[in-house]
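Next, two complexes with subunit A in common: one pairs it with subunit B, the other with subunit C.
Coming up: the complex of A and B.
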């Protein structure tokens, strides 16, 4: 990492006349030099990174409370919520986590990668405001509609199940706001290139962020293609929504949006590998081509959601879930090698060279930025990757579709992977962007382990319960009051108890993240020079 | 480092263990790609997605005529209907039941037509755990051959409103 003497806020970072080092394009008085890293931080970008990160954490907390209530309802011995509120909470949880928390955080990541790492200013403060306000208003509308019982339709809102039209409008506003944020990011890359604020190719982390942003554009266009007609249908303008077409186009949004998460998460892995252990990328070309594979092939994963649907032929199913789809899997397998390898190489160079795994034992496990990132890598790669590839098989999908095996899979990718990686990077965002010290540091250091344990329990419990056929999004495993008696193998009680207890552990881990973050942002000691190292 | 600009000559062919890993991973991806179509022909349980457009009301009428001509029993007021071996059987999903109770013979093959007359539902057969999507407007045809006898509950596993967890049905398989 470059080391520079911290200078006063607003000073020009580079000595005049030095033609070797590219100059930033910051507006006078609107940048500062980071006292810890020596990087130039654009103050406008900093404000919007902060705003989006705060909104993200608020949504995470809301989604987390919903998650705890859901887990305690699925645990048969507790069975906490009444049916109506259970379904409502599942809807709220899906939206606040999968959409609001993650996308707010991703916009913050994009603004960071586009400005700080490229020594550029943010292209437009106005666009950033419009984006942010639309996202907050849209997200708020969605939450209100769900909580007032006008949108008990689950995250997927499969037509012809219908919500209040304002629910769809809320989603559209949020998506357009996101799109404006993404365009602002591209505009930032453009002005950075135009003003020559960086030399040669962009850093790998920025490349990954660009990957995420490109997938985001494709995803949001699919979102428009499905939510706008659905909104018009809810308004009565369009008479019918074809359920099969809805599912096809919806998953053009639903699955690639998880690939935005993957690309953003992998970028954060490279970022944290660099920050926490000085990890060096083995081969820039390999890592970049792997990112490129995500853009080219990942949309095919959408077909996995239709593997047991009527209306799409076996040929379509096989074609779309094999061939190039596996090139996207290949991309993850490459990152799953290159990221830990970058850590290994760095740690071995620092002298931790004992045996095959001596470097791993010597890694800075007390640094939550490192432990969170590495646990995210392990959970995403081993649990998420393996479950994902198996569920995407034509025959296995017959015994897995809509069972708890599905959320068992994506809790290990989106939560154990992306969310944990975003939590880990927060341990640097708060001191470096908010410039506040963390209180309760012992809790922070433990947090990634607690959260990872909880998520792993949830994921395993769901996957095993699902292998007995236990349905997802289902309130009563006893089927009380049903016309025909039905039920599951008694052993599912054990797995569902594991989900419940895992939910409590993960929620504890979530509070161990949110409370120190809130404590730091509002009451933390101000940092003027260097942050206290973890 | 991932956060700083790479050297100008960053594009290099992979080497050493990284190259070996990429080779192995690619090989595995090729195996998986070929396994998918192979198993479709070799495997005995596939989702062909065979389906026909049908108006919900017309499908309900087909179910009614199927019940009228093939009813063999009644349980709690719900007809038990036995399809002719090799023939068509109809199952109607609606908020919040599967209608009627179906009766099959072990070892015989049937064409099971499933559709919904209202919103999306999920056909989940317990305890063997087979799951298919049920959509209104689509007559989803499963060609099935029961290999075990007994009573098999059907549950709905696509959220379909407040009564979703009470939506069940039944298939009876006899010798």
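Coming up: the complex of A and C.
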């Protein structure tokens, strides 16, 4: 009988046996042993993990300010911004959060997983520099074009809406820079395998990172396929852009870019389960096959964005959204059960075995690395999962399409799920990679709860308002000045107030994250040995 | 002791290059190419 490879029991590689002797293929003098974990850290990779993480947090703050302004505009009682600046902020918020913050952080995750967990050096520092500079320049160009009013096209930039050509060029530069970073990650995997820095299968967290990188390649190829012609169209080289073709190819980029998040987020869950409570993966084969489902099927789910488009057939819609998408959903359900199960097993082994949920009550909720990842799992799994699967159904989608139910869904996945997981792992990235202690630790411990509460309020408020038909991006739901009376059920004001108040709470949670991170990186106490446990 | 035979799925899981090829080709064929073919085959709308 053949068996699945049982050689890797944990989610991350076991620390080097001889803690003072670096293992792997590192260049002389370019590695260190982490005083807390015993893992070997490649110093070149460490620099680029730091650079990408800092850029990510800056983008998060910019996107967060835009988010607050949007939330206070969608709340009719406040209605803060004029129309022009509302759409400008929607564009800035979408790009900053869905692309810049998340992808900068994901490149940091790839460099960490490819080097630290495989005891390998980074394949190319030059490629990492080129990638980083292109991403910073491209992201900066996008932000400048949006803020100067030359790209009020929102995240989707649907043709025939047209932005300044430098906006598209900025997106292309960012995407190519990301692709170079992803290729550098694959090259690192290659040299780690060649130099035998690990035995058997890669650790599960690295496998999750490989999954994210594979999804990223498919995503970025679609990005090139749509943004290069659109850029040429903005330059006047191409006379027309077919809106239907644009929507099809754009969503080969737009949604899969968020599936990179899902794979990276799940990897972070496994990592934090191992770090915070010593969680072991219950079944390597099951978890890896779930990642395989992501690789094979999750990008096909992009089709749910086109469920109301008349140009594509019912067969195309049904295959890509139902059959394929549900296999990806199954994968998320597997991770959604195996990760908390690994936490439960670990805590029960530690003696917390009272009753059905005694282990959960005894979990280290004061550790923001744990609370952040577990709340991320709950929000992603329950709110994100339920809203996502229903919206991916053609019969429901045709009612809910382009209503606030859509952002109600993806704020629970991308923000409550991915962003909160990335915030949680930061509480270990800063001490272990930047080697700085966090100041304001009481605020850090509270932060995941505040942020999770705010995002849950936003998600519920949007979902319920959307269920009453409130449109997704409209500046003025009162239709002030319209010839004929128009509007929505009065109860939507309650849900939109919840969005506004949730926005304030979530922004507070965001500041509670950014300020201690900045304080730690620039002014935190230097760590020479072990980090102070949470 | 002889090495245990490796399960075919384990072989697939341990081959990032094959996974990369599958992960790129499958969505391109099923989502993009199929969708583009359908859009290209649309008949132009007739004027009333």
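By our rule, the second predicted complex is superposed on the first by the 509 of 534 C-alpha atoms of A that agree within 3 Å, B and C clash if a C-alpha of one lies under 4 Å from a C-alpha of the other, contacts with A are read in each partner's own complex, and residues count from 1 in each chain.
The rule is short, and it goes like this: a contact is a pair of C-beta atoms (placed from the backbone, for glycine too) under 8 Å apart; a residue touches a chain by one contact, two chains touch by 3 or more.
Nothing here was measured: the structure is a model prediction, and the numbers come from that model.
> Which partner does A:302 reach: the first (subunit B), the second (subunit C), both, or neither?
second
> With both complexes superposed on chain A, which partner does A:244 reach: first (subunit B), second (subunit C), both or neither?
Touch partners of A:244: subunit B and subunit C.
> Answer with first, second, both or neither: which of subunit B and subunit C does A:252 touch in the superposed model?
Once the two structures are laid over each other on A, A:252 reaches subunit C alone.
> In the overlaid three-chain picture, which partner chain does A:473 touch, first (subunit B) or second (subunit C), both, or neither?
In the superposition, A:473 contacts subunit B only.
> Looking at A:201 after the superposition, I want to know if it touches subunit B, subunit C, both of them or none. Which is it: first, second, both, neither?
In the superposition, A:201 contacts both subunit B and subunit C.
> Is A:217 in contact with subunit B, with subunit C, with both, or with neither (first, second, both, neither)?
So A:217 only meets subunit C here.
> Which partner chains sit in contact with A:312 here, subunit B, subunit C, both or neither? Use first/second/both/neither.
A:312: touches subunit B and subunit C.
> After superposition on the shared chain, which partner residues are touched by A:389: those of subunit B (first), subunit C (second), both, or neither?
first
> Now for A:83: first (subunit B), second (subunit C), both, or neither, which partner does it touch?
A:83 contacts subunit B only, not subunit C.
> Can you pull the subunit A residues that subunit B and subunit C both touch?
Comparing the two interfaces on subunit A, one with subunit B and one with subunit C, the shared residues are 2, 201-202, 242, 244, 285, 306, 311-313, 316.
> So in the complex, the part of subunit B that touches subunit A is made up of which residues?
Residues in contact with subunit A: 1-8, 10-15, 18, 21-22, 25-26, 28-30, 32-37, 39-40, 43, 45-51, 76, 78, 97-98, 101, 118-120, 122, 124, 126-127, 129-141, 153-162, 164-170.
> Which residues of subunit C touch subunit A in their complex?
Result: residues 4-10, 12-14, 16, 19-20, 22-24, 26-28, 30-32, 34-36, 38-39, 42 of subunit C touch subunit A.
> Could you pull out which subunit A residues touch subunit B in their complex?
Against subunit B, subunit A makes touches at 1-2, 83-84, 87, 117, 152-154, 158, 160-161, 198-205, 242-244, 247, 267, 270-271, 273-275, 278-286, 306-314, 316-318, 321-323, 325-327, 329-330, 333-334, 337-338, 341-342, 389, 393-395, 397-403, 467-469, 471-476, 479-489.
> Would you tell me which residues of subunit A are touching subunit C in their complex?
Residues of subunit A touching subunit C: 2-5, 186, 189, 201-202, 207, 210-211, 214-215, 217-218, 221-222, 225, 242, 244-245, 248-249, 252, 256, 285, 288-289, 292, 295-297, 299-300, 302-303, 306, 311-313, 316, 319-320, 324.
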